[in-house]
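Heads up, the next two complexes both have chain A, just with different partners, chain B and then chain C.
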Partner chain A sequence: MLNKFGPAVGRRAMMAGGAALGVSAGLPDAWAAGRTRFVTANNNPYDILDPHQVFDIGRIAIRLNMYDALVRWVDNPPKLDMWLAEKVDIAPDGKVYTFTLKPGVKFHDGSALTSEDVVYSMERILGMKKGAYGLFSDVVKPGTTKALDARTVQFNLAKPFAVFMAVLSELWVVNSKVVKQHEKNGDWGAEWLTRNEAGSGGYRLRRFDPAVGFQAERFQDHFAGWKPGAVDDADFRVAMETATRVLGVIKGEFNTTDGFLPAEQVARMRESGKVNFVEAESIRTFYFIINNAKAPLNDVNMRRALCCMFDYDGFINNILGGTVVRNTGIIPNPMWGAPKDLKGYTYDLDKAKWYLSQVKEKLRPLQIGAMSGYPQSEQGAQMLQAGAAKIGFDIKVVTEPYTTISPKLDDPDRAHDLVPLWRSAYFADPHNWTGYIYNSRNFKSGNSSFYKNERVDELTDKALLLTDQEQRRPLYEEASRILSEDAAGLFVYNTKYYGPFTKNVKSVRFCPIGDAQDLRWIAMES
Partner chain B sequence: MRLLALAARRCLWMPPTLLGLTLIVFSISHIIPSDPARVLAGENAPIEQVEALRRKFGLDLPLPQQFFRYVTDVVSGNMGISLYTQRPVADDLLERLPATFELAIYAMILAVLLGLPLGVVSALRRNSLLDHAVRVVTISGLAMAAFWLAILLQLLFSMKLNLTPVQGRIDGWGPDPITGFYTLDAVLRGDWEMLGSSLRYLALPVMPLAIPAMATIVRFTRAGVLNVMSSNFVFYQNAMGLPRRVVIWKYILRSALIGTLTQIGLVFGNLLAGAVVVEAVFSWPGLGTYAYNSILQSDYNAIMGFTLFTGTVFICVNLLVDIAQAVLDPRGR
Partner chain C sequence: MKSLRRMLRDRALLTGLVIVTLLVLAAVFASPLSTFPEHVTSFDPSQRLKPPGERFWLGTDRMGADIYSRLLFGARLTILVAVVATTFAVVIGVPIGLVAGYYRNWFSDLLMRVSDVFLAVPQIVLAIAIAQTLGPAIQNVILALSVTYWPFWARLVYAETRSLRNEVFIEAAIAMGASPLRVMVLHVVPSIASSIIVRTTIGMGATILAAASLGFLGLGAPPPAPEWGRMIAESREFLPDAWWYATAPGVAILLVVMGFNLLGDGLRDVLDPRIRRGGQRGG
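Up next is the complex of A and B:
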């Protein structure tokens, strides 16, 4: 049903497509009978295959499945595993990282993956200034990464950067020889790699159609080996409509889809009896950005008043049906660095009134910019508006697409007073939630609330200089407490992942980085 | 000769019409306070990364300069690079064109095949039970939102009756394209299983497009037939004792169809626009989903490319309609 024409047509297509796509390995026996096929429905188009041009969760399946990095996030809470790297030596000054690569790692064309490929991949990211460039640009300068020998690569950082190991998970290694062959006018092979792949990952590209998605087959020679039940063929398809994805999973046209569906869609799938769910608390917090630079929101009492106007229980239990978990701070509950005793704010209109009475700035109606197409963003905005209305405080809600809201966040005068949205996990380190979005160095590139607190800056800067997690933990805990005390944002909940899988999927190893899209960890029945 | 002159006149109007269309779309898409470079760069991207993208795509230039550059590029056949797919917009559009045209053509065929006879019969049996029933169907067809109808059809035919797939264009990944129209490719290959598969996948997406189109055709055909039926020449032909079917099919229908034909041209344009929603619901890999994604991402070049392309098709179809109209009605020459 999933591919009635697979055996006949796929082989022909592969012959033509494979040559065009530059998948250099010979024809695989992928269409042999009895192979397992796993179909994912994604709510985001897979229009660029280049792992260095994109850096988002929507297209992470491309990177996770066709490419490898030195390190890789696994499990929940996420832990960082050595992946292409066998070991790492970190100099005492925290500026020199020397990695030894595992032996025998091969690219999909059969050639060996060497340290030269790692160097080229880092230079490519820095040269193209796209994708994950922002993760490295501050600390890795072009030309400073060295291949000491075929299996040893050295990163010489401009300054200590405690999350360097964590962000290396986004340094996807490309086959430098293949990509260089396709470079045109110093484009780093960008045009070619947009529609082709040159990786070493668990799956290699079979077909790609930007309008449909991509199809990949298991790379038998992958260095990490395979366990029984591993998926043989993988289809990643685009289905923009939530209802279509849900119906597709119930009907068995898809094996899975995104794990952050609205509560009613989760219930609908449960009722069908045809879907199993993998449930796990994720690391994706929902909060309101508060524009701290604009009066009266530059007054802490105004911000605290807002935090007391929001009906957390009503939102979590009534509107979201208890499918999420209250998160009183910005760092997700399961992450280290999140203070376990942080009480945060509760829905208390008397307290809100009192805080309002303490505001020194002149009060004015506030405006929330809710994101269209994201019902929870709109519902959250309306919930705060309703709470405020009960004590006679005026809040207006405007709904705009994220593409309209986002550029305004660079400018405190144009930005909305509040914006309800999520903070996803690109790498599992408290810096992702505190340093990036509340350190004042990051105005216009992460800190969209224009919050400035010298102690928070000091703590988050200091935490970046230390490599020992136990030394960093109290710094983030203190920063998180200050952010709550200052009501720097209105922190609401941490997401729970409800990954729907058809019954023939037997095991899933969920990791919040990538939301279980790493097919290596999925086993299914034939 | 007169027909040629008419076609030439219409063709001369095309460039200024398209320029006007480009100007409107360019203005609307650029007035919205959006920043595609920021969206493309991502949440944590440093400002230098955003600026680099802005420069690369010419988004840092003054708007008139951006517009001038765009128009000169389009004239030389370059519709720019999609900010999101990073590929030439023209390539993206051409790649997705067959899927949308196949959908629109089948919807059109279905709408005409059902709409014309229903319109004629409704007029001939005016105020009968059949006429009322057709009226209910057509008004409902016009009133129902395409996306709602699409979801209802999914629930009924895919989920309840298990007759059609929920989404997609063909089982698996489809064949290597000959024309890109899967049904035509299947016939050319003599692959009847593939033909059956592509028709099964077409069945649902065609309906929400065809039903409103059919409703329009029914309403205009009915009105046209009723209008012609009350003409003196029809009274005369009836009085002459001509057989009823000759009067209807030879004289009434030919005159009545002129208005319907104009509508068919307009309806075809609407089908292309309506495909945006329907394709998104059925994950149909055509121009509609491309436009839908482009709008979500503020992909200026892609939005303008789609609009310009659709506008050109619309103008061409209307040119053909004008010519057909002139053939049917010599007064129009």
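Up next is the complex of A and C:
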């Protein structure tokens, strides 16, 4: 297989670039003459290639491009397409899902993808307890997933789970034969798969260096086929500095970068005349996690006071230049289940003072843990700090990398009082923004606010047992209202995506899940 | 008197002195000098990223705060860190150097090997490790810098003391029954004071630069403290358009570090008769 030291050049690539190879060995840009090459500049390191160890947006390009799942999210608003699966049979009790796989699906090593690989991948997630484990841990028990024949796989859930189809998009299928060969002391091949790839996805790994990024070439035999203009060579590079990424796109060194840049940089790229923008309202809410377990934040009036100290208008329209939209609840506005008339809170220091006077717990200075390297997180923190300072309430801001903040979120005693961050879309269902992060069953595996409300638990549990969207909608709307009433978090805005692309990129199919990093949907001029 | 005249004639030294004096004045009179003193803790989002002009002399930052006012108040932090950290380094380093240099036994070897260990690790790397472990706060920056800078003074004092140890006047003092402490404090220290002063002045510049580096990495004083290093870090996102954002604190750091270096260099020329510049000029 492939590893970071040996760029295993495919036979087809050798032929395509054959003539050029002799004269330009060592020049990665030129070896593939005549092939299209798409470079993405990412603001997050690609340190782990294993699709079952990570579950975030920063490294999603690895999973989207080198691996496949039974289903796949496409377009905006997101819709769920059958992907590796040809059809699914759901038992009336909502507990048995039987999938038939598409015929002729091949892994990058040429071997066939079978239901055994799907079973192994599910067991691997449950066994390693990392990445997207929290999505499945409640409903899929180890050993319950069966391969009925080479193309039929059956999931036997512990209880009905309405979003099962939706979260299956995170069950990335790995080549079980290859991974098993590299297992060491029951590590599920984790050490090996961190640096290598064993998927069936649209792109096959050529080169990987955690400090630089990864390169992949188009997998010609991919089961979904290819349309003209598809990218031949994919290059995902790490560039932490915003200015570097922006300049790189303007100069054409990068074809795209993240779509959530400061308004000034978007304007700069527009003025250059060398960049096209794909604009879309995404589903990614910015909010402050509030540690509901720690006094005085366990007092609803303290949390409401905080919600009245934040200058929403100043933040959205001045600091962010109106590039985002106010979102009064946790569920993004465009998502079904978001109540359309939710008033939420406004910047009102008199009200904040009144709420503070109602707090029964002893007041103390609060601490915001802002994510360093994410200027909006820092600026949001400073905005709340300044609002509080105006009424003499003391808030301290510490900036720490997300990798330092994140582990603390599992422990109410160590967690910061407030953490400003985004809730991205991992699957397009209101559960992603409500049950997953506010149901008290999910303490330590999603509910980082340590928020507990019996009605919210009941609503979000019940919504998972129903399959009809129209029946589920009112449950999520009510949950969202309660979360706002209880000020479970400080909800600020929903993101708009401004994806910059160089002019030679002909078409892009944006999907909020993955933020257009799924190269299959990008077409380039050759 | 002679020294003073020599000092005034040394242009480099004078420049350094002027810069350092200005820094001290800026820190002391930050409130009356600043145009928006309230912008140390608050800001005006509607005035975000305004270029330098009549109202905001050095422009505004990403939150809409006046950079000029924040620079002035930042001078206080800069001086605080530099003075306290350097003082600690001197207080730790000088006695260790004296003891190690005066005696010739296993204990002085031990002291010097310990300081060698500290010197072997790049200062800034060690400071980052300490500041990261303790968390971002101004007192942790001071602690990190004090802990990493003392060996420089220990080395210097050790070497000077070792060479003085065999001088006739020291031996005479010992022969007359002076206690080691008396010899060290009354005879050795005055003789090496000029070296310590020079090293300390230059060390201030290095400390300021290191503190700014820690601030740049997010390990300095937390917001809203007007930390120069962090101001530069924040500005990166808006380069090159908001050029003033990085330039103002950048130039401030450059000037202050240069000021201390010039002052230190100049003092060495004046105080150290062996390398007095221009030989004859000072007489």
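Going forward, the second predicted complex is superposed on the first by the 478 of 526 C-alpha atoms of A that agree within 3 Å, B and C clash if a C-alpha of one lies under 4 Å from a C-alpha of the other, contacts with A are read in each partner's own complex, and residues count from 1 in each chain.
To be clear about the criterion, a contact is a pair of C-beta atoms (placed from the backbone, for glycine too) under 8 Å apart; a residue touches a chain by one contact, two chains touch by 3 or more.
Everything numeric here is computed off the predicted structure, so don't read it as measured data.
Of the two partner chains, chain B is the only one that A:Y133 touches; chain C does not reach it.
Contacts of A:T346 after superposition: neither chain B nor chain C is touched. Within the superposed three-chain model, A:A190 lies in touch with chain B and out of touch with chain C [touch as defined at top]. Of the two partner chains placed by superposition, A:N301 touches none, neither chain B nor chain C. Legend: residue contacts after superposition of the two complexes on their common chain; A:D47 is shown touching chain B, with no touch to chain C.
Legend: residue contacts after superposition of the two complexes on their common chain; A:F55 is shown touching chain B, with no touch to chain C. Applying the stated contact rule after C-alpha superposition, one finds that A:D410 touches chain B and leaves chain C untouched. When chain B and chain C are set side by side, the one touching more residues of chain A is B. Look at A:E241: by the touch rule set out above, it reaches both chain B and chain C.
Once chain A of one complex is fitted onto chain A of the other, the partner contacts of A:S111 are absent, as it touches neither chain B nor chain C. On chain A, the patch touched by chain B and the patch touched by chain C overlap at residues 241, 243. Looking at the complex, you find that chain A touches chain B at residues 1-6, 9-10, 12-13, 16-17, 45, 47-48, 53, 55-56, 129-131, 133-135, 137-138, 190-191, 194-195, 207, 209-212, 215, 237-241, 243-244, 247-248, 250-251, 253, 373, 401-404, 406-408, 410, 414, 426, 436, 442, 444-446.
Chain B contributes residues 32-36, 38-39, 41-49, 52-53, 84-87, 92, 95-96, 99, 151, 154-155, 158-159, 165-176, 193-194, 197, 280-283, 285-286, 289-290, 292-293, 296-298 to its touches with chain A in the complex. Across the complex, chain A is touched by residues 41-43, 45-46, 48-49, 62-64, 135-136, 218, 222-224, 234, 236-242 of chain C. Residue ranges on chain A touching chain C, taken from their complex, read 241-243, 262, 264-265, 268, 311, 314-315, 318-319, 370, 372, 375, 378-379, 381-383, 385-386, 389-390, 396-400.
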